[in-house]
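For reference, chains read A, B, C, D and E in written order, and residue numbers begin at 1 within each chain.
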């Protein structure tokens, strides 16, 4: 392989009669070697299951009390699979339509509170598409699924070759990974002179942090920093960009 | 021998209308009058992917090949115009899902070039590793398809066995087997720890060991060599004229590789070679890609051995989050806040990337105000060399169609976008 | 912009004549239905839920009973709320006739010239122009660079309503340096009121150009009226109102002129109460009246316009001439005479 | 008394019992069955040597067993070479041996589609007619003392009948009237000439060595196996067997990736079941011929308790061995192109067969067998 | 399909029929989209579908299962229907991949069709692409369906009572739904050939040589970025420019059309580059022309650069630009005839995303 500043000329195997016969013999004993000592790497799925890493992107679980219904998961989903649905307490919680979900887990990465977290459930088949719309209530606990696996198979490389290590364990698919809550900001009015008192922020704030009342001809708006979860919806909703997120 | 043209009236076959075959009826009449034979190698044919090739045969020789692509045209350019910049990452990775690294890299580099975001060192190395893993995976996939088209079932099974290793590396690094959408503007979504990099490094040795066996049973198999040698020849002038790209261009003697012409990520810092062949026939196309697998293996090993430390997300993007005690340097939890405000300055930005099957061109036109691209143009390698593929079919035999199809590694979802 | 951030702030609400009804109900009652709405579309700009619709039909808010959030912003910015008609010449720094050397517009092309040189100076980085399509329907064009002004359809006045101020909202939130606005006197007073209520408009709208205006029309009314008069709309190359006559020059070169009085039935009710001929609150007023042929008379009112005119003089972008102030004064008084306020109740 | 061919039933019974297969292992059971009035006739008929040869061991029974075994073995061997398991879950304890049975059952109960353009009568009858040239040679192949018809020309008749099979395949291709079937049958015709002539020359060579065309005497004369006498003929005939039954390097007529299963593209259901097993049965017959000519079919140390059956068992095992070699080729080789296969057929195989003729003549004069 | 299940359950031999059908489900080689990769993995040596008796087979006549892999476009829907009809009777369909279920990532594409509208489907497998284990679970589920006869999903979401978990405030005001994140400018300003000052000296003298030998054929030649040169010209002059540039810039990398409705024009862009000349390799020269939107005609450069031929057909189909004397004009190339006309124009609107589910669905 003569290499001149980074290019190799590809070498063609010689094709004289003697090389052809040698080629045939090589091919035959490659097959024979494999037939005598097979290098099998098959995972017998219904009985064995492949070991999946912790950040595997499978079905999603939802944790209601962590959610601040900030709509970020619905907005970021490339396949528009997450729709929010009104809950009895007036707020909106996500429902995932698994007929559209592409398991890219942008939503799990976006959620500032880690309310949507990953599980290792992925081998599922549904008989009709209406069952696949998981509303908020159905996202809280992992779905019961038919599991026939008795072994767990690990891919390991020992002295240069793949070895499938089989363990006799039925692995737990849906434990909740730890997630450090990000220190959230607080919403505040940075340009009060721009405000046109349209109270859109009051109507949109999921945690009722902004309250308003009319006193002698002037509308007063108050932000309660303790209630504010820093979801940023009011900042986005304000038509004249009067609000802003500041450090707590 | 004289052509016995029987002049009986020829009416075009019924399926011409029912299947919307795009050739005019007089073409069919002309074919039948010249005693030639029209065969539709259709989308359900085991020897053609999801596209139809209309072959005009004279005996066993192919006189003309008309492609009928579009069976997997999922209208990516129109969809990309209605989605945020960050939502386009999974969308623009779908043409060839075996090569997620290169397709994400192409799109993300356009955004980084437009907003001149500076990507940290470690992220560039990990991106190079992912791109090369995708390249090996695609070459193995094409070798498998070529083998099954030649009837060599072992040649199909072994590369897909090796692909299981590539998928295991992707699984441990990014969480999914194939469509990783892991590369985001400014870096990658999270950092790879030592265990994963060590696994990838060791898997390259297994890959190399088992490729030796594959070489004996398929690559150097005289029956395969006789099937691929001097078949579907594209000489240097034809390859350039018909716009063939990537390994298929290098197989015809043109030394063009985007990683060398417009170096990006960590390629200039590693030393590797560009495989070239001269004859431009199906076998040299296949050998160039086998050689590229070995080159990619050495690139991955070098990248892992001198992998720098440091953050994986560029300061220009994550720097905006002025949280006092930022919990960890990756972007979990800030994803939407950083990327939903991405807005390219107005103008057109064109970036070339060397995807596994050739030059991948992304050009995004932005109007500077909306957070949605105005026009995204993707030219995938498959679409670029379809013309060269059809030209190389002319003059070869009917059963060569599969050999040439496999040697070009033509993947219709990538070509139709 | 104060850096301090408040957790408690208040905003002054407008008074509400009819107690039970939402603010838009009052606006509809006192301005739109009473016929003094000048279709300046400022309310459509400020409406937080973008509910107020403008375009080629009178201002309306479909289904306002539920959708209106009752914030009163539309009333605070409406120039015709507690309407005090502005009239007369207004104070001005200088008055000159000018003809642009770079552009040909309606007369002297001075509106395009002022915006082009403002772009060059960097006072503004975009301006909102009114282009047109084949049937002369007005379309909005954001002009950000000089090349865009070369397009012939963007220059020249279109005698019909256009949603310039509605587009101002997006422009203001995207611009860095400033925005240039061109409009009829009612639009100018709308923008001024908008600047008083929302500080961001005050900081971002740098140049406001007022056009001499006797009355404006709805597009469909004007062009169906012209169709009756036998004018083929698609072939019109240029429209002009000078010396009391509406002149439409065809592409084939011949001109058709119709006395302005015949347009009386289609003049919208809002224009009938407007006495402001040259837009007294604008930075600079431009029009064809009172200047020699091919020239437009420019009335410079504020120092922003003064710097632009000095820039034009310095670079000699325009040929200057003498303007007859008396003719303009005559038209200003004529407009006050024909549009009395409060209007005489017609029997 | 009712007489058939001038013999009463009891005389027929004596002939059949005298010439019956004697298997010491189950002799008491046979004697017991012969005593039951009605069953005795059936048992006697089955155990009568010619009927036993055709029906049970080297004949239909052997064919069915070899069919099921070789399909299973081929899929398991290729799977083993290809790093995977092959059919397994069907019957896990016996490593998926029931898989061909399951496929057969599925084909049996699948709808048989005869499409509009096909020539209906021929389309349905031809797969069944194709069995005649396959099953007839079994009558002439002897296994030790068990043989159907023993004639001095048995080898020639077998080769002649084998030559009929491609004709039925071409007819099948014509009957299904589809573009790919047409191309497939034309290719089958091309291939037919390419391998038939070398095959016949090599068989002629072996006849020269043994001096007779009668398979029984050939087996006796084989002190040293024919393969060692004339290795070129043995190699050549193995290659022509691969070409005849379109095994992988030469699977050109039914190239499923190129022309979608050639002549058999339009068949479904049980008709496809018959057609698919056609190739395997032809391989069984060729296996029998190869083992008779070269591997001393029927010869070999007598298995203690089986008596007459042991030569049949040996013949069956040798045939299976040849079929396994064919199955092994499947996972090693890709498919040749038609013109390459014809070049191999016309150039190298014919030269090989002429060489084997020369060797045969030399062996004959050196006073070989 | 239920009548297939009825057929398998009827008659005395029903157990044998079901056993045969269960252990020999051969999927037909109908590669419909990119999930084919995971189907190949399920049948390759990593998971080996043949263990369950399922063999990937070539022809629709001999198989009894279709695995629809991913997106079905309008063109592929016809092929799917024809293949399904040609299969002998007890036949089953599994749809794998989110694109096959409800369109997945391409839910609002104009060329997409739902497989459940084209063929009766037995099992849906979510995922994009679903892992081989999910596909084998689908096949196992189909096998159980064949044996037992009734179809039930392999997973059931368990419904928890929401109101008991979250505390309900006394006066409930339904919150307002925020506006969607996409902000699209209504009258955008499109400028492709913006001049940018880059220190790239070979580029400068390359522009000089271009200006010299394309005398009078261009309006302007500028440097838009490193290795990017933009040449503005009028449509009539492009064949002449192509004739001269053909030998140095020898292939077309992309033909692009940008639709600017509010200025009523199409911007046509040919990006050419060179393989032959060593130091011109990284340079991308884009030839930009503008044509009116209502009657878009542009001379075809396929004669000078054959590599532009297929891209011109594609642009004709998407935008309606008529490239003169390109033989393929007027015919469809990528799209099926019943797709809406010129789908990539800006005035062809796609359905927008929805972010709120009206009422509770069940």
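Basically, a contact is a pair of C-beta atoms (placed from the backbone, for glycine too) under 8 Å apart; a residue touches a chain by one contact, two chains touch by 3 or more.
Predicted model only: the values in this text are computed from it and were never measured.
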| item | value |
| --- | --- |
| Most distant chain from chain A by Cα centroid | D |
| Centroid-based (C-alpha) most distant chain relative to chain E | D |
| Identifier of the chain whose CA centre is least distant from the whole-structure CA centre | E |
| Intercentroid distance (Cα basis), chain B paired with chain A, Å | 26 |
| Between chain D and chain E, centroid-to-centroid distance (C-alpha), Å | 51 |
| Chain centre separation in whole Å, for chain C relative to chain B (CA means) | 55 |
| Inter-chain centre distance, chain B versus chain E - centres from mean C-alpha coordinates, in Å | 15 |
| Sites on chain D at which at least two other chains make contact | 81-85, 88-89, 256-257, 260, 331-333 |
| For chain A, residues contacting two or more additional chains | 27, 30-31, 34, 39-42, 44, 46, 75, 78-79, 102-104, 200, 203 |
| Overlap residues in chain B, where contacts from two or more other chains coincide | 46, 83-84, 90-91, 154, 157-158, 161, 164, 179, 217, 221, 223, 340, 346, 369 |
| Contacting residues of chain D [partner chain B, same complex] | 78, 81-84, 179-180, 183, 248-249, 251-252, 255-260, 330-340 |
| Parts of chain A lying in touch with chain E, wherever the complex brings them together | 40-46, 49-50, 64-65, 69, 71, 74-75, 78-81, 83-93, 95, 97-104, 121-129, 131-141, 143-146, 148, 200, 203-206, 208, 233, 236-237 |
| Of chain E, residues touching chain A in the complex | 45-48, 51-52, 94, 98, 101-105, 107, 116, 122-128, 130-134, 136-138, 140-141, 151-163, 165-169, 172-181, 353-357, 360-362 |
| Contact set on chain D toward chain A in their complex | 77, 80-85, 88-89, 328, 331-333 |
| Residues of chain A that touch chain B when the two form their complex | 3, 6-10, 12-13, 15, 19-20, 23-24, 26-27, 30-31, 33-34, 39, 41, 52-53, 55-57, 72, 75-79, 102-106, 109-112, 114, 118, 155, 157, 160-162, 179-180, 182-183, 232, 247 |
